[in-house]
Amino acid sequence: MRDDASDPTADDTDASDDDVPPEVVERIRGDAYCDTLGIDLAALEPGYAVTELTVTEDLLNFHGTPHGGAVYSVADAAFAAASNSRGEPAVALETNVSYLDAVDVGDVLTATAEETHVGGRTAEYEVVVTSDDERVATFRGRVYRLQD
Amino acid sequence: MRDDASDPTADDTDASDDDVPPEVVERIRGDAYCDTLGIDLAALEPGYAVTELTVTEDLLNFHGTPHGGAVYSVADAAFAAASNSRGEPAVALETNVSYLDAVDVGDVLTATAEETHVGGRTAEYEVVVTSDDERVATFRGRVYRLQD
Amino acid sequence: MRDDASDPTADDTDASDDDVPPEVVERIRGDAYCDTLGIDLAALEPGYAVTELTVTEDLLNFHGTPHGGAVYSVADAAFAAASNSRGEPAVALETNVSYLDAVDVGDVLTATAEETHVGGRTAEYEVVVTSDDERVATFRGRVYRLQD
Amino acid sequence: MRDDASDPTADDTDASDDDVPPEVVERIRGDAYCDTLGIDLAALEPGYAVTELTVTEDLLNFHGTPHGGAVYSVADAAFAAASNSRGEPAVALETNVSYLDAVDVGDVLTATAEETHVGGRTAEYEVVVTSDDERVATFRGRVYRLQD
């Protein structure tokens, strides 16, 4: 569905209206929590973001599988990036997640956030989390858009 | 509502039917992800758990406020502890969270999970996250109970 | 937890600050959809409402059990009444529901909505649906509060 | 995205493996609650369904706009049809809905349910509700698949 998810850090001298301003990319990349967990921003466009997280031992729960909080966090990071991609601050109101399939240590989780609605003071995003191209979780989030 | 949330690690020679077996407490305490984020188990009873997380700089998002993933994770940890408190494994099917109020660095988040329904192969838990006794988030989760 | 859920239609000459104004009660009672389905308003106070629905044959789905839409609707009606009880209009942003137990024809569903948070432009309500005092569904909703 | 959403009642002598058995179509069409509200089944394929509801005066709430329960119900009906389309009974565990845009009397709501995951004893469906090709609500549901 998307084939143009370019690396937001690439040197792009042909910046179009569809590009996220460099200062916004830099701000979103400087997320301390993502750094703590090891979540990377793999793509960022207006209303669209991809994040990645490799499942390491320190992300496991007491069952020995990735903690729900880790799976949620990679999805939430994509949601936050996509909803703040235009430089206008937005904060989460509500989110929900369906856990669909098991994930193992060493797997790479990829979360893809797409904007599904913008209206008034809110916007909606759907995030699909995959591992090896298989859907392992579905997330939806709604933000409140702050205004000056 | 609860005034008997005793320390599950306390030496209790009067263990009643309401106690969580020590090996279950130990297993839940040995959660690697909670250790990574700094989430502590403050109380554990059958169908009931309290977790705590102090908001540190490394849990902040790019807005400079606690990341949604961190707030979610302390709630999810209480949900996981409460739903596995009887020693029978349970895995998350669905969760949802409402973000209600801002939290600052240094604040202590307390998540209290209570069992609201057990039936057939599933069970439901409601988790309230507070900071300074003010509700900052509400979480609900549904588990699937694995059986031998 | 509540023992003062008085009949909002009662002639009350000692109206306190806790009463819902008669014109608001009348407006909420005049809900066409509730009339279509047979949903009654059983109690209304500021931030609190109780609705009831008797399960009739015309509310069944193709399994021969009450349709999810009917169970949802009695909860949503309590949510709408509670969130509009102060006369200030509020509209639903997000809702979620957990279906916990089966219900039969002839059963009376009772939905009790309680306000769990009010802040800024939104408010949160939790609704428990019971049948014969057993919880059959849990609902949570968030509204956006319109202002002049 | 789908261009083959054929009328399930059409006389189709070239029935393929992708067809829903006539007795399943008939069973789903005989839903009393849908008949009560005026919800029509517009398409049915394995894991896929479309329902429609015209907003009439008797579906309005006390604000004079379509009741959330009515919008939910058309989505829930598509979810129920899609999740029972293979003739194996499935019951709802959890659903959530985001209300995105206003709808008026006379508008036709169209709900399109697509299967996003089937695994073990559960399956997940996403439902988009539109009016005049504009998204007005997003719904997600998870079912438990009963087995003999």
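Order as written gives the chain letters A, B, C and D; numbering starts at 1 within each chain.
As a convention for this text, contacts are C-beta pairs under 8 Å (C-beta built on N, C-alpha and C of every residue); 3 or more make two chains touch, one makes a residue touch a chain.
The structure presented is a predicted model; accordingly, all values stated were derived computationally and were not measured.
*Asks:* Is the C-beta contact count larger for A-D or for B-D?
*Replies:* When B-D is set beside A-D, the one with more contacts is A-D.
*Asks:* Regarding the subunit A and subunit B pair, does the interface count as same (over half of residue numbers shared) or different (under half shared)?
*Replies:* Mostly the same residues.
*Asks:* When the centre of a chain is set as the mean of its C-alpha atoms, what distance in Å lies between subunit B and subunit D?
*Replies:* Centre separation, subunit B to subunit D: 35 Å.
*Asks:* Which integer distance in Å separates the CA centroid of subunit A from that of subunit B?
*Replies:* Distance between chain centres, rounded to whole Å: 24 Å.
*Asks:* Based only on mean CA positions, could you tell me how far subunit A sits from subunit D in angstrom?
*Replies:* That pair's centroid distance is 29 Å.
*Asks:* For subunit D, what residues touch not just one other chain but two or more?
*Replies:* 93-94, 96, 98, 122, 142 - these are the residues of subunit D that touch more than one other chain.
*Asks:* Inside the complex, what are the residues of subunit B that reach subunit D?
*Replies:* 93-94, 96, 121-122, 142, 144
*Asks:* Note which residues of subunit B are touching subunit C in the complex, please.
*Replies:* 94, 96, 98, 100-101, 116-117, 119, 124, 126, 135, 138, 140, 142
*Asks:* Would you pull the subunit B residues touching subunit A in the complex into a rising list?
*Replies:* Residue list for subunit B touching subunit A: 27-28, 30-37, 57-63, 66-70, 72-73, 76-77, 80, 84, 89, 91-99.
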